[in-house]
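Each of the next two complexes has subunit A plus one more chain, namely subunit B in the first and subunit C in the second.
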Partner chain A sequence: MMVSSIILRTSVRLILPLSLLFACFMSLKGHNEPGGGFIAGLVASIAFCIYRMSFGAEALLRLLPVHPRVLIFTGLGMAAVTSIAPLLFGLPLLTSRVGTIRVPLVSEPFHYASAVVFDTGVLLVVVGVSVGMIMRLSEELE
Partner chain B sequence: MEQPSSFWLLLAVFAPVLAGLLSMRIRPSLVTPRVLVALVGPVVSFLSVLIHLAGHGVAKTDAATKVITWIPSLNLNVAFLADGLGAFFALLVSGIGILIVLYARPYFGMSKDEQYRFYPTLGFFTTAMMGIVLSDYMLLTLLFWEMTSISSFFLIGWYRYEKESVHKAMQAFFTTGLGGMAMLGGILMFGSSEGIWRWSEVAHWHPHSSGYVIAAFCMMFAGAATKSAQYPWHYWLPGAMVAPTPVSTFLHSATMVKAGVFLVGRMYPAFHELTIWPWLILIPGAITMLFGAVTALNQHDLKRIFAYTTVSQLGLLMCAYGLGGLEFEHGGQHLMAIDWDVTQIANHAFYKAPLFIIAGAIAHVAGTRDLPKLYGFWRVNKPMVIVMLLAGYALAGGPGTISFPAKELFFYAIYHAFEIHWIFQVLAVMAVLTAVCNVAIFVRLFTTLLGLPFGQRDLSFDVAVQGQGHGHGDGHDEHHDVGFWAAMLWVPGAVLVAWQYLGGLLPNLWSWIFRPLEANVNYEGFAERLPFVWEMHWGIPLIMSLCAIGGGLVVGLSPLMRGAVGDVHDRIYPFLYWLCVHGGGRAFRTFQSGHFRWYVVAVVSFLILGFAGSVYFEPAMLDVHTASPLEFWPGLLLGIVICVSALMLPMVEKRVIRVLVLGACGFSVVGMYLIYQAPDLALTQLMFELISVILFVLVLRMLPSPDVKKSPGKVWRIAISAAVGITMGWMTLLAANSGTPPALGPFFEANSYEGTEATGGRGGGGHNIVNVVLVDFRGFDTLGEITVLSIAALGVWALLPGRAVRRLEEKFGSEGGAA
Partner chain C sequence: MTNHWIILFIIVPQVTGILSVLLMNKIRAQRFIGTLSFVFNTVFSIYLLLEVRAHGTIFVSQMSDWPAPFGISIVFDGLSGLLVAASSMVALGCYIHSFSLMHPMTQRRYFHPLIQLLMFGVNLSFLTGDLFNLFVSFEIMLMASYAMLTLGAERRQLTQAYKYILLNLIASTVFVIAAGLVYGLMGTLNMADLARIVAEKTAPGGEGLPAGFTAVSVMMLLVFGLKGAIFPLWFWLPDTYYTCPISIAAMFSGMLTKVGVYALARTFPLIFAHGAGHSMIMVIFAISAAFTMFLGVLGAVSNHEVRRILAIHVISQVGYMVFGIALMTPIALAGCLFYMIQHMVVKSALFLCCGIMERYAGTDDLYKMGGLLKRDRLLAVLFFVAAMSLVGLPPLSGFFGKLVIIQEGWHIHWWLSVLGLATGALTLLSMLKIWSYGFWNPPKGQHVVVPTGAPRPRMLKSGYFGVTLLVLTALFLGFGAQPVYDIAFQAGEQLTNPRAYISAVLQYDIDAPPHEQLAAAEHDAEVVDPMAVVADEREEATP
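Showing the complex of A and B:
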C-alpha cells in the first residue's frame, strides 16, 4: 500500500537519512547514555517503514543494499561470534573486552567495549525482522 | 586393586557397527566379500570379550573397568562391567551375531538391496545390544537401550513398503520406547535420591524401602517388562514376527527381548531385598508364562508358535528372578530361591534361536510356515527337521538337554517358596501347565513334521509336491543356493542346539564353562555342577516334571487346542493409536477454534484463574501497602490520562480513532517512564508505540467490519476486562512490594563500568546500566531473544507465501507451485 502525498514523500526523503544517522548515533553511544542496539534498530525500522509507505515496496528493496533476511543472518552471526569468541581465549562465554586505544591525530583516548559488536548484531536483527515482517505483511494485504 | 583397561570391551561394543558400515563400502555385486566383512564385527567382539576375560577373569559385580570420562556432569561416563551376567550376555550376543550373519546370506539370497541394508543395520543393533550388557553407567545402558529400540524399529519394519510391517514396527517401537522413558525416569530418580549412577555401585548399596526408591524401582521394572514382553505388553513380540527370520532369531530369541531379563538380573544383587521385589516381578511373570504357553499351543504359523513360547519363557525367566527375592531355610542357612540364572537364560537362547532359524529355513525351502501344511516335511529336507526336533525336544525340557535341569531348578525354587506362602502352590500349578504346553508343542512338531498319525495336517496341501521351488513364502528373494551357503540355512541352528545336548549329556563340561559366570548358586546339591539326569533327587520337583511330560503327551496327541486363535491383546496398540489420533484431533479442534478473541479470552482467563488460585493458597498476597498516590502529582496526572484514554477505547466506534486513543495511552506511559527517570524504557516504549501505530494503519483498512453477533456478550467482556485489569494491577503492586529491594541495583551500579571483586575486576565498560545488562551481564538472554525474533520472522515468511510464490501458483495451479 502506498500513501502518496507529496508532503510525506518530501519529508521522508529528509527524515530517512537523519533517522538512520540517529540510529547509528544511538547504538554507538548506547553503552554510556540512553540508547543501544535494540532502540537504534527500532528507530531504523520506523524510518524504513515510513519510506516504504510513501514510496512502495520496490523502492524499499532498491534502497536496501541486501534483503532483510540477510540482515537477520548477519546480525545473528555477529552476536553469536562475539559470544563464542572469548572461548577461544579461554574465557567464559560472552566475556567482553574493555579498553582504550589512542587514535592518531585525536587527542582524547578512545574508549571501547567489544560488546558493541554484539549490540550491532542486535541492531541488525531488529531491523531485519521488523522490516522483513512489515514488507511481507503489507504485501499480503495488497 | 587395579582396574582393568576398558579397551577390549570398547572394541567389543563398537566392532559390529564399524564392520557393518565398512561392508557398505563394498560394491553391491560382491555379496560374499560383503558378508565376510560384516562377519568380522561379531567375531572381533566375541574374541575381544574372551581376551578381556582371559586377562582379568570374570569380574565381581562391583569391579568395573577404568572410567573414560565423557559427560561427568550428567553422571554419564564410559566404563564397562564384565561380571558373569554381562560377560555371558556379551558372548551370547556376539556369538549368535556371527551365526546370524552367516544365516542371513542364504536367507536373503542374492538380493543386492537387502544384503546392502541388512549388515549395517544388524551391526548397529549388535553394538547397541553389546552396549546394554557391558555398560557400567546406568545412563549409558539406557543410551544403548534406546539404540536397540531404534535399530529394532528398522529391523522389524524391514519390508518397508508393506503397511503391516511398518505398523508392527511402530507398535514395537512405541511399546518399548515408552518403557525406555519409564526406565529413564527410574534411573534419574534412583540416581538423584541415592547418588548411585553405576551398576557396580549398586552392589554396595543398602536397600531401603523409601517411597522414592520403590517408585524408581517400579519404573525401571516397567522398562524391563515392556522390553521383555511381559503381560499385557507382550503383544509387540508376536507382532514383530513380520520381520525377516534372521531378525526374529536374533532379536526375539536371544538378545533384545532378553534385555529386560538382563536388566532385572543387573538390579538383582541389591534390589532383591526390597519387599516389593518378588511380587512385582512374579505376578506379571507368572501370567505371561502361562498365557504365552497356552496361546503358543493354539497357533499354526511356526514363527507365531515360537514367538509365544518366547513370551512364555521370558515370563519364566522373570519368575526365576522374582523368586530370587525370597529366602528359604536349608540346613540352618538362609538361602535365596534362585539358582544358576545364567544357565536358565542360556538354555532358552540355545533352543529358541535354532527353532527360529529352522522356521525361516523351512519357509525358505517350502514356501510356507503353516504347521498343518508342513505335514511330512521330513521327506523334503531331513537335516532341517532333525535340528528342529532336537531343539523342540529341548523346548519340551526333555531329559538329556540342559533344559531339563534348568526346569528342575525352577521347580525347586518354587518348591522352596511353598514354605513362605501357600500362593506359590498356584505358581507351581501354573509352571506345570506351562511345561505341559511346551511338551505338547514338541509332540505336535514331532508328529506333524515326520508325517505320523495324530499330526496336524492340511489335506489340501502336500508339501512334498507343492512346497518345493516356491520359496517366497517369507517375502524373500527366489534365489536358492547350493552347497556351503545352502547348508548355512540350518548349520547355525545345529551349532546352537549342540550346546543343549552338551549341557544335558556332559553337565561337568557345562558346569566348568558356566560355573564361573554364575553369581547365584545356592542349593547344596547343585553347588559345583549341574546334575546328570539320573542324579535328580526324588521329590516334588521331579514329580512336577513327570506330570508335565505325561500331560504334554496327552494334550499333544489329543485333538484339543489345534486351532489358530488370535490374540485379543493385538488390539491394544491399535486402540491406543486410535485414541491418540482421534482424541488428539478432537482436543485440537476444541482448543484451536480459530477465532482470535477466543484465544485472548483463554489466555487471560488462565491468567486470572492462576492468580485467583495463588491468592486462595497464599492470602498474604491480598495485603499490599502502597504509598499515597498524592505524593507525586505529575505521576498522578499522567495516570489519570492513561486511565481515561484506556476507558475511552471501548466507547469509540471508529477503528482509526481507537488506534489514536490507544496511541495516546501508550505515549502517556512513555511520559510516565520519563518522569520516573527510565529513559531507556521510555525510548523503547516510544519506538514500539510508533511501530504499532504504523502497523495498525497498514492493517486496519483491510479488516472486515466487526462481526458483533459472534463476540461474547457485553457483560462478559466488561467482566473479563475488569478482572484482567485488577489482576495485572495487583501483580504490579505485589512486585513493587516484595519485601526488601534486591541488591541488584547497587551491584550493577558498581560493576557496569569498572568491575569490583564480585565480577573479578571485569566491568562492562559502560555507564548505561540498562545496556550493559543487556549486552554483557545478561548477554546470553539477549542472544536467545534475538534468536527467537529471527525465528518469528522466518515463521512469517514461511506462513505468508508472498508474491513470488503466489505468482507461480497462478501460473501453474497450486500443485505446480508445490512441485
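Showing the complex of A and C:
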C-alpha cells in the first residue's frame, strides 16, 4: 500500500466524480463540436489513475469491478457492431443514422445519432487500455 | 460501381483477430477461425476479380456514406484486387504452415490475433483510396509486424527488430509530413481527386503544379522505397527476415515489401511522377532498379545460408518490379503487377520449404546440409518448382513476369533489360546452389526430425500442406497466366490513363462535356465539382 498525502486523498474524492462527469460531457458533446469518445476516455482514465495513485490498487478494483480486458472487448464489440450494421441495410460501413425521437414529458424532441454507440465503444476501449496498462506497470513498480 | 461488401476484406480479419484474443487458450478454435478468415478473403477476392476481368469494373465504397473527396474511399480494382487475392493466398499458406513449424509457446504469444491484424493492415493499404488512410494502414501493418518480429524474444531478434522499428518510425514521420504537405499544396488527399487535379494542372494550358510538388514526390519516394526495400534503402531487410520464426519470415517476405512497391505503383503513375520533376524521378527509378536488381542478386550468390539467400533475393526481385514502374507504360506496369503477385506466392513458398529443410538439417547453413533429395522427394519437387518459378523458366510463373517487363524495357532502357537478364542468370546460379548443396549432395547434417527412409512424421503434415498450396498457386500463375494478365493489362491501362479510376471513385463522368456535368450536378448536389465545395467551406471558415 502506497502512502499518499491526505490532501491528495481528500481532493481526489472531489476530482473523481467531477472528471467522470466531464468525460460524459465530452463524449456527448463530440457529435456536433470537437470532442468525442477518445478524448472522453482519456479524461476518465486519468481520473481512475489519480484515484489509484491515492487509494491503491484494491480500491480501484472495488471502484471498477471488471477486468480492463472485459472493458476493451465490450468496447470493441459495440464499435464493431455499430460499424458493421449499416452493411446489412445496404449502406457503407460506419454510416451513422441520425434522427429524432420524442420522449414523453419532455417538450423538445430528442436528437440522436447511432454513432454515439460507436463512440461509447471507443470510450470503453480507451479506458480499458489505459487503466490496464497503468495497473500492470504499477504492479511491477511496487 | 458501388459495392459496400468490399469492406469485408478489412472487417473479416479484424473481427477474427478480436475473436481469437477471446479464444486465447483454445488453440484449435483459433486456428479454425483464422483459416476460415483467410479462405473467405481468398475466395471473395477471386469472385470479385472474375467480375473485374469480365467488365473492367472498379468497385468503390465510400465510408460513412460521405461523398468521395471528403470521406475515405475504399477501391477494389484490378491492381488492388490481384494483390489482395495473392496476399490472402500467401497468408493462408503461411498460416497453415505455422501449425506444424512454429513453436507452441510462440504461437500462444498472440500470434493468431497478430497475423489477422497484419492482414487487416495489408488489405487496407491495398484497398484504400486515400493517402492519409494509406499511412494509417501502414501503421496498423507495422504495429502487427513489430510484435510478430519479436515473437519468441531472442536476443538477436530484439536487436534486429530495434533497427526495423527505428527505420520505420522515421519513414512514418516523413510520410505524415509529406501527406500534410500534399494536403497543403493540393487541398485533398483522395488519390482519385489528386489524380484529377494533377491531370488538370499539367494539361496543356493548365496552370502547372505548385512549387514544391517535386519535393513532396521525392519524400514519398523515400518513404515507399524504404518500405519496399529498394536501393539504397534496403539494408534493413536481410537481417530482419533472417531472425524471426520461419512462417512469419515467409509471410513478411511475401507481403511487406510488396506493400511499399504497391504504393509506388499506385501513387507515382497517378499523382507524383508528373510536373517538373517527372524526368528526374524516372531517372531515380531506373538507377534504383538497376542497383536493386543487381546488387541484390550478388549478395544472394555470395551467401551460403538458405534464409539469407532467400531474404536477399527479395531485394533483387523488388528491382524487377521497380524496373516495371520506371518504364511507366501500361504494359510495363501490368508486368510489374504480375511480377509482384507471382513473387509473393513463390518467395513465400521458398521460405516455407526452407523451414522444412531446417527441420532436417537442424540449421540453414548449406555447408551442413545435403541428401534431402533421397530423404524427402515431395519437398524436393516442391522446392524445385518454386525455385524455377523464381528464376523464370519458361512454363513457370516468373517467366511471364520477366518476359513482359524486359521486352517492354528493351525500347526504353535497353541496358536495364540486359541487366535484368544477367540478374536472371545469377538467380539461377544461387537457386542451383541451394539445390545442389541441400538436395543433391550426399547427406551431411544431423537428422533432427527424420532419419533416412523413415516415414514423414505427422507433425509436419500441415507444413507440407501450406507449401503445396502455394506451389500449386504458382503453377496456376504460370500455366494460367492469360486470365491473370487480362486483369493486369487492364490495371496498367487504368494507372497510366486514370480517367476510369477517377470517375469511378469521384462518381461523376469525367468525359462528359461541362453542361452535362452541370445538369448532373443539379440532379444530385453532392457530386458537383468537389473542389468548389471545399473552397466554399474554406471561405466560410476563414473570417
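Methods note: the second predicted complex is superposed on the first by the 140 of 142 C-alpha atoms of A that agree within 3 Å, B and C clash if a C-alpha of one lies under 4 Å from a C-alpha of the other, contacts with A are read in each partner's own complex, and residues count from 1 in each chain.
Here is the rule we use: contacts are C-beta pairs under 8 Å (C-beta built on N, C-alpha and C of every residue); 3 or more make two chains touch, one makes a residue touch a chain.
Just so it is clear, the structure is predicted and the values come from calculations on it, not from any experiment.
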Practice task
May I ask you to decide whether A:Arg13 touches subunit B, subunit C, both, or neither, giving the answer as first, second, both or neither?
Solution key: neither
Exercise for the section: Considering only the touch criterion stated at the top, classify A:Glu139 as touching first (subunit B), second (subunit C), both, or neither. Expected result: first
Exercise for the section: Considering only the touch criterion stated at the top, classify A:Glu33 as touching first (subunit B), second (subunit C), both, or neither. Expected result: first
Exercise for the section: Could you let me know whether more residues of subunit A are touched by subunit B or by subunit C? Expected result: B
Practice task
Would you sort A:Arg62 into first (subunit B), second (subunit C), both or neither based on which partner it touches?
Solution key: neither
Exercise for the section: Tell me which partner A:Ala80 touches in the superposition: subunit B (first), subunit C (second), both or neither. Expected result: both
Exercise for the section: Go through the superposed model and pick first if A:Gly90 touches only subunit B, second if only subunit C, both, or neither. Expected result: second
Practice task
Could you tell me which stretches of subunit A are touched by subunit B in one complex and by subunit C in the other?
Solution key: 73, 76, 80, 83, 93-96
Fill in the blank from the handout: Per the touch rule above, subunit A residues touching subunit B in the complex are 1, 30-39, 42-43, 45-46, 49-50, 53, 68-69, 72-73, 75-76, 79-80, 83, 93-96, 98-99, 111-113, 115, 118-119, 121-122, 125-126, 128-130, 132-134, 136-141
Completion exercise
The residues of subunit C that touch subunit A in their complex are 4-5, 7, 11, 14-15, 18, 21-22, 61-65
Completion exercise
Within their complex, subunit B touches subunit A through residues 679-680, 683-684, 687-688, 690-691, 694-695, 698-699, 701-702, 762-768, 770-772, 774-776, 779-780, 782-783, 786-787, 789-790, 792-794, 796-797, 800, 802-803
Fill in the blank from the handout: Residue set of subunit A touching subunit C in the complex reads 73, 76-77, 80, 83-84, 87, 90-96
